[in-house]
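Below: one structure in structure tokens.
The chains carry the letters A, B and C, assigned in the order they are written, with residues numbered from 1 in each.
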Amino acid sequence: MDIALSRLLWEDGWGLSILRGSAVTLAVGVLGMSFGLLLGLLLAAVKWARVPVVSQIVDVYTVIVRSVPGLLVVYLIFFGSVEFIAKVGTFFGYTDAFQSAYSFIVGVLSVGAIAAAYAAEVFRGALNAIHPGQIEAARAVGMQTRKLYTRIIGPQMFRYALPGISNVWQSTIKDTSLVSVTGLAELIRVAYIGAGTTRQPLIFFVIAAVVFFVITLFSQVAFGLVERNLNRGVRVV
Amino acid sequence: MDLDLIQQAIPLLLKGLTTTLAIGLVAIVVGFPLGLGFALARLSSNRTLAGIALLYSMVFRGTPLLVQIFIIYFGLGQVQFLRDQTALWWFFSDGFNCATLAITLNTAAYTSEILRGGLMGISAGEIEAARACGMSDWLCFRRIRFPLAFRLALPAYANEITVIVKESSLASTVTVLEITGLAKRLMSETFAVVEVFTLAGLLYLIVNFALLLVMRSWLEPRLSLHRNVARPSSWLRLRRRRA
Amino acid sequence: MSKGKLLSCLLGLMFAAISTSGAAAQGVLTVGTEGDAPPYSMADASGNVTGFDADVARSICAKLDVTCKFVVQAFDTLIPALDAKRFDIIISGLGITEERKKKIGYSIPYASAPQYFIVSKGSPLAKFTSLPPLLAALKGKSIGVVTGTTYSRYIAKNIPDATIKSYDSLTQMESDLSAKRFDAAFDDGSSWTDYLKKPEGASFEVVPVKVVATDDPSTLGHGMGVGIRKDDQELTKKIDVALCDIIKSGQMKTMSEKWFSDDYSLTCK
């Protein structure tokens, strides 16, 4: 069994394919999460500031995306928006490589859209947790708005939001598995093809599971460190 | 918008709804007690038991559900021993069984975390009082710890139920014809991508909305009847009161 | 990590993950294909496509003096994606049916294969030699088909009492067939010839009841054609001419015999 495994991984080249697939998974996860965080922050700010009509639209968006399965979101974006994705691709300089980048961009957008909905809720909760008295005090001493955001609101929001964001990241990196249905050569797709070609599904899917497990474990440790760093000097009552 | 198509699609997707709800029901009915068991194991003083529960929780929460479904359906389908046992194979040959098993195991892990949080959130005073009254461990659990933990965990568990309904869509990747599976089949025959998937999404939305409504406006208040604080008997009325 | 480093890291990941193609803007024909249906269309992890359909595509591209670029996707997603302009044509054993003609246009048909049922060796179903009793015997059984194919519609129409197991790809269906997860499967005879050559196919046999497209053309179609968007009239004409050339020169017959050990090519009028 061990000899067969090493033969599979090294000689038949599957080891390299799995590594490439993992890189794609991480890329989709990181880029999707970045996009989701930015969008989520924007949506949360809109809701927190109670902008009249837009807040309701943001509400509808977050409720829909959180109630509908991720698989459907991926399918809808995959089929529904070829022109839009072409524009996104061209923006990033992918006019000719658009075809191969299509699934990747679909993946980033759908994963990001889902992450944004959850992140918006997390950021909103974090913003609401900041005591309004602090903002009043800052205005009372005549603090400029920019300083208010970067010295008072920003740091506290990040500290409150961090556990929630860590959860959003954990589910985002797992949501990247859904992008495999678009044919993108990420980890699950590579494992699927490998399982089909070599008729050994158990090995391939277990390896995929192990890779994800390592990624989530590593993320958990990393987020724990950041949390401890951010909570330096905070008195625990 | 093809109205003909929508008329054709709705009864088909409703058939898928029964399958989706079946998966959800099994996941809740089996997953909840399983999750409770793992939660208690995590909190027990037996280090091995706690360790096993921790490992289970980490593995099932740290890997995507899709991989878990594939391992159970494709991976176990490869094991010759299983194929030779008629009884076991009768179970594992069906996509519905494999997907439901994977979803149940997955939700048990998340439920165990939720219930563990609930159990840990009970103030020590209540348990001390129970012990002082001479309650046995089992009586204390049945009358004090579990009801309190359940009430604390309810918002998070309501969320978990909506996640279960959403995750049931992954069963479509292993031939199960629930809402997403039927939507895909319909799309491949009619080529009306946006209409079919929007309809399917709407169906999930309605189901999750209904579930949340039931949880928030019926179950939660019912469990908080003894509290003297303002009782929002309707989730909708609560919103209006705040505005 | 400074902001600049972070940004370049992110971009680096993005570039590393995407296999870039430096192909010229002109002279490229993007072909949508299934990639998961031996012996028609097989794709490996890096996206290299082989098989009958790949050969047909490459010979068309050679005739049109362009490079072929393959886009691999699940079969039932090919037509909507063609509509959404994800690729220029579909070459994936796509049967020509009236239903599909409402959505996309076709070239002239270039091949047509008969369909067969496959069952486990020694199954009582294998003893049938004519279609009506076979269809009657399949009532209540589970039958595997690929989603969106004419074969799945045929089963849904003629054996409504059967439990249909729909798969996204032929390889997935074959994998479950080997695991004996259903009683019978229905697909092209060429797929079964290929399957029986593999070690897993050893315990299966084809039911000797031939189903040809002319039996039920409204469901099974009028042969395989190249799928092209309806408004791409110029491309359709070019491909028709190229296909006619390929058929008349005997190249289609050679390719068919290479992959199917039989001549399934059609004539060009």
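The definition used in the following text is that contacts are C-beta pairs under 8 Å (C-beta built on N, C-alpha and C of every residue); 3 or more make two chains touch, one makes a residue touch a chain.
No experiment lies behind these values; they were computed from the predicted model shown.
A complete topology is adopted by the chain contact network, contact being made between every pair of chains. More C-beta pairs touch across one of B-C and A-B than the other; that pair is A-B. Once the centre of each chain is set as its mean CA position, chain B and chain C turn out to be 38 Å apart.
Per-chain CA centroids place chain A at a distance of 23 Å from chain B. Multi-chain contact residues of chain C, defined as those touching 2 or more other chains: 77, 80, 175. The set of chain B residues that touch two or more partner chains comprises 74, 77-78, 173, 184, 193.
The residues of chain A that reach two or more other chains are 79-80, 181, 199, 201, listed in rising order. For chain B in complex with chain A, the touching residues are 58-59, 61-68, 70-71, 74-79, 162, 166-170, 172-173, 180, 183-184, 193-194, 197-198, 200-201, 204-205, 208-209. Contact residues of chain A toward chain C in the complex are 17, 21, 23-24, 26-28, 30-31, 34, 78-80, 82-83, 92, 94-97, 99-102, 104, 181-183, 185, 190, 193-194, 196-197, 199, 201.
Chain C contributes residues 10, 13-14, 16-25, 30, 36, 43-47, 69, 71-74, 77, 80-81, 84-87, 171-172, 175, 178, 200 to its touches with chain A in the complex.
Of all the residues in chain B, the ones that touch chain C in their complex are 74, 77-78, 83, 93-95, 173, 175, 177, 181, 184-185, 187-189, 191, 193. The touching residues of chain C, when paired with chain B in their complex, are 75-77, 79-80, 83, 99-100, 103, 147-148, 153, 165-168, 175-176, 179-181.
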